[in-house]
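Each of the next two complexes has chain A plus one more chain, namely chain B in the first and chain C in the second.
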Partner chain A sequence: MKYKKITPWLFLIPTLLGLVFFRLGPMLAAGLASFTRWNVFSPPKWIGLGNYIELFSSGTFRMILKNTLIFSGLFVPGVMIAALFLALLVNNRLRGMTFFRGLFYLPVITSVVSIGVIWSWILSPRFGLLYQLVSKFFNIARLPSFLGQPEYALYTLIFVYVWKMAGYQMILFLAGLQNIPQVYYEAATIDGASIWQKFRYITLPLLTPTTFFVLIISIIMSLKTFELTYIMTQGGPNYASTTLIYSIYVNAFKHFRMGYASAMSYILFIIVAVFTYLNFKYKKRWVHYSE
Partner chain B sequence: MKKSLMIFALVLLMTALFTAGVFAQKTTIRYFMWDPEFQEMERGLVEEFEKENPDIEVEFTALEPTNYWPKISAMAAAGELPDVFNMSSGYIDQWAQDGLLMNIQDKVDELPQDDYFTRVFSTLRYPDKTESDMYGIPYAWVTTVLYYNKDMFDAAGVEYPNEDWTWEDFRKAAEELTIDENGDGVPEVYGHWWYGRYAHVEPWVYANGGRILNDLKTRIDVDEKAREALQFLGDLSNKYNVSPPKKDVVGIRQQDMFPLQQTAMWVDGSWNIQHVRDMGQGAFDWGIAKVPQGPSAEPGEYEAYGWPDSLVISKESEHKEAAWKLIKYLIGKNRPVDSYMAGKVPILKSLAESDEWLETDNDPEEIEIVLELGELMGRTSFTIGWGEWRGYADTGGSGMNGVLDSVTNGEMTVDEAVEEFTEHGNTVLERYYEE
Partner chain C sequence: MSLGRKIILYTILIAISFTTLFPFLWMFSSSFKTMGEIFSLTPSFIPDNIFAEGMWNNYKSILQEYNFLRFIFNSFVVAGLAALGQLFTCSLGGFAFARMEFRFKEVIFALMLATMMIPIQVTIIPEYFIMLKLNWYNTYLPLIVPSMLIGSFGTFLLRSTFENMPSSMEEAAFIDGVNDWQMFYMVFLPNAKPALASLFIIAFMNNWNALLRPVIYIDKPDLYTITMGLAMFKGNYGTQWHLLLAGSVLSILPLLFIYMSMQKYFVRGMLTSGTKG
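Take a look at the complex of A and B:
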């Protein structure tokens, strides 16, 4: 059977239509909307760069931007180190290891709503488990309120999100670890390498393709986190834990400031684009593919 | 084969045309409601309406508020608004300003005014809240009341709140009701519970005759009486330690503090009567009272804080008469009292005064206070952009709510908070109300 040039495109039509109408279309529309004032139920009004000017002259927005960068800056290394550590642990061939693999993965598949609610309970100063334990075993009168005080709220969210997602990255690292041929370790053992040396000179370099992949998805994950904020702090107190994506949601669907929210989305888009560009640019310097 | 298909299609087409012809004289209107919890009852009511009005057919849809607003907004954008739909007091100004709602003043004027709680109608006027025409009509209204735990009052030997209570009396009672048995500075039971929430703060402001907005409701403008009320609340938290800081009330819903007996008193919406009943399960005796009148209020002129939940007609509706007929039915005497959660008041007085609504054998005994407040209803602070400057629901951590929370935490003084929410609020309001 002979294929014409058009044949593959015919098969691609459903996907392309979806892409154009449900992805690219809304993206372009949001781009246009970002130059308007638009409350959804009435026709948009063109205001040029008004939304962008408002954004960059707003102290709140600068704070939100800073929160977003802190969130990514701590979440990404945090979740990667935690995941790698867990992956190294469960990579051991011990009895019952599958149980632990499952256990560490459990928070990933648990609904983020339940996790948010349960951690809020644990961290509740009046009734919470943590506070009860601490007051029972240590003589500390009062722990700070980890969700209720502006200086801790964002970091608490980061911690809980790392706790929730580490299992996912762990599975990826585990797959990477099991791809490393055993022969290298055997050779290193014969040469008298210590455990640390094996990790530093065999595991880490050979794991870099996986690490690169994990890095990218962790960055995307960190910029997309929304549900946990929604459930645990609602961006408060006083914007202390509001990140870009949460602010976009609130402005678009609570305040019905679709234009303003669209402008914010484009800023988020630019941030993601810059990160991705940097990643690919510096990839060659540290990622080694074994041939 | 082809021929038979053609005939089949033709027959189908004919039937369709025929049925359409039969039902042609039937008017179909769409009705959207925001409370799926009561949708079966509402559907029953709609069906009764259809029976009484065989020429009108109602397409009824109920959606959760989180889905309701995006859906309704998108429908408005597409020019596909339902004929009749629910409208909140917080959004009506924006919808009226955008010309999406029908002016129903003439229709409302035809109703026998004495049968309804008309004080809450003012919220539905636009743009002027006393003189302009109405763009919606309430089916229910709510107010704010002081909840108190009678068992705790008895145990502390404190008299129950009464009509003559001053703020001073309230504070003294709160002090006596606050219990810190282990002496760690964190009371096990607080005398009162408040944070930046509108239903916790505004009742005190209005009960003192205060204003947080200017007369036109276009700018934040906190007057001395309002500031006095805020200072009074701030002192409850910081000076007297009779109300918990907001930061400590995490991982527990704010409305659970009273039913879980963490606080002896609490000011919030009357709809929480249902919640306290459900959650308290009769574990303790409780009652309600008016929020005490403030020291700066005009004596004898009590200003209650409350607002309606309403029904509106789309301006683009092609069946406005039928739509109004439905609304009249929905706010009328046939609505089952069970379709109001306890503490939500029917707009029709005869329903509200019925034994079924009062449920005198159930807590709180003093439920008639709610009806009294209905006649004392004053202004509200709803504006366009209210949710944003006030900091409401999902954005409770921001706006006026957020900075007042900081006051309860002792992180900010009342004056600093007022300055900050005035500035923030006016940036929001300037977008909607140019001067």
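Take a look at the complex of A and C:
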């Protein structure tokens, strides 16, 4: 009773086509392209490490890397703390909890573009909702332009993205919380542990595998944030909110510097690859920790 | 649980619900307002023209004059076909990985998982040239084909679904003399309906919301997806908030209906992508 030898290969045709033509092939090609000077209109010219040298000696690129670091550095803890808080909250057995979970998840399914529209409007200077409310209740004559001023634009994007994505990480944490055996809590209650002690000595340690996974997912998510920048700031004002992933798009499809953009995409690729590798390597050990 | 604790919990829950819902509700109510009303210095939650003459003006205008009806149609075609395509690719691939033995199985599967997290921006430049060479620029195809063929998450989801089905099912069917295709299509696939539903919804949602590929591959307004149409509208007529907000509501509604009617599949699918990805 066996399948024919050829069957798995026939079944895998679409998967392999996708893997070869839209993943592995382009990955290799992008690596090669990163060593060339190449716009769309003339054939690529080999320039060795030229693009990488240009990147690392460019002040703009250093600023872009710094922005990327700030974005990830604030988004990741922000979204994780918000999500863990939400997960602990909706893990309580109360009437109507399914409703609240569904509701907190709502921004996740909504497109980034419409979220960007909503928040651009709320935050738009003078006529935006926030400005109107603030001027109504507090006597503040002028608020800064949160999207139009370079010192605020990036942080505004981070805030909006945490607001949008927290529901996703919440679901992941919730699954982790529900895997913690109830008996530990019961035993701790008998020993007279406080809510904080239970959280500190039971929930947090036993949640470690989940937390680690959520950390990796959140880091990669932060590095992939393109749509929100596109719709809310277009990377501006003056590169203030341009991150690596947005810069790849601009250089490739606005300036048509394909080689240069490929070099950037490779830097991004290496960063993501490191985190993917860490995930694969440490996942088993963390999982053992809980069992 | 004590009554006091219950009250505190509900208070927090309601406060957070408000933070989540308020931007949406405000957008919804404002999508009926006239431009003058939106820019009024004393904003009101209830639009003046509600249930009155001209209530639907913004929606009529954005759907007809600004072609959003067409964009919605395009999005349904693109997201629907890409999601169906992913069901095809992933169920076949997942079945092969789950139930069959073949050379390089582990290597192929590992490669698929390893490349799952890599952002499309890494592969988009070579992909762009493939699309130019194939003459697919300004067609639906670049929005559908790569997405339907790269289904690492879906393949993973269906592999575990098929792996968890009993071997007795397989053995009995072999004795009955089914061929390999029938085994897949008639014996296993009907039992995977919940996983297929999860995958369809998630793939549909991702493609509905996608922005990068439409922006790169489409510059004919007739082919814009709703997401791209909305982004373009914001770029061109960014101050016409009354229309922009109506367009934004339209881009959310279809997903909202799907989400509300099939919430359990959404969450189940996301969980698989989360805990096992």
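Here is the rule we go by: the second predicted complex is superposed on the first by the 258 of 291 C-alpha atoms of A that agree within 3 Å, B and C clash if a C-alpha of one lies under 4 Å from a C-alpha of the other, contacts with A are read in each partner's own complex, and residues count from 1 in each chain.
Note that a contact is a pair of C-beta atoms (placed from the backbone, for glycine too) under 8 Å apart; a residue touches a chain by one contact, two chains touch by 3 or more.
Remember, it's a predicted structure, so these values are computed and weren't measured experimentally.
Chain B and chain C, once both complexes are superposed via chain A, clash. In the superposition on chain A, contact of A:L86 is made with chain C only, not with chain B.
Look at A:Q197: by the touch rule set out above, it reaches neither chain B nor chain C.
Of the two partner chains placed by superposition, A:T189 touches none, neither chain B nor chain C.
Of the two partner chains placed by the overlay, only chain B lies in contact with A:S145; chain C stays clear of it.
When the two structures are aligned on the shared chain, A:F253 is found in touch with chain B and with chain C. Touch criterion met: A:F127 reaches chain B and chain C at once.
When the shared chain is aligned, chain C comes close enough to touch A:A175, but chain B does not. Comparing chain C and chain B on the residues of chain A they touch gives the larger count to C.
Contacts of A:S265 after superposition on the shared chain: chain C is touched, whereas chain B is not. With both structures placed on the common chain, the touch criterion links A:G236 to chain B but leaves chain C unconnected. For chain B, the stretch among 5-13, 23-31, 59-67 or 365-373 that collides with chain C in the superposed model is 59-67. When both complexes are aligned on chain A by C-alpha atoms, chain A residues 120-122, 124, 127, 230, 253 touch chain B in the first and chain C in the second. Within the complex, the chain C residues that touch chain A are 1, 6, 9-10, 12-13, 16-17, 19-21, 23-24, 26-27, 30, 38-39, 41, 43, 88-90, 92-93, 95-96, 99-102, 105, 108, 111-112, 114-115, 117-119, 121-128, 130, 146, 148-151, 155, 170-171, 174-175, 180, 183-184, 205, 208-209, 211-212, 215-216, 227, 230-231, 234, 241, 244-245, 247-248, 251-252, 255-256, 259-260, 263, 266-267, 270-271, 274-275, 277. Residue ranges on chain B touching chain A, taken from their complex, read 69-70, 72-74, 76-77, 94-95, 98, 100, 184-186, 244-252, 262, 385, 387-388, 393-398, 402-403, 405-406, 409, 411, 431. In the complex of the two chains, the chain A residues touching chain B come out as 37, 39-43, 120-128, 141-142, 145, 147-150, 230, 233-242, 250, 253-256.
Residues 1, 3-5, 7-9, 11-19, 21-27, 29-30, 33, 86, 89-90, 92-94, 100-107, 109-114, 116-122, 124, 127, 129, 132, 163, 168, 171-172, 175, 210, 213, 217, 220, 223-224, 226-227, 230-231, 245, 248-249, 252-253, 258, 261-262, 265-266, 268-269, 272-273, 275-276, 280 of chain A touch chain C in their complex.
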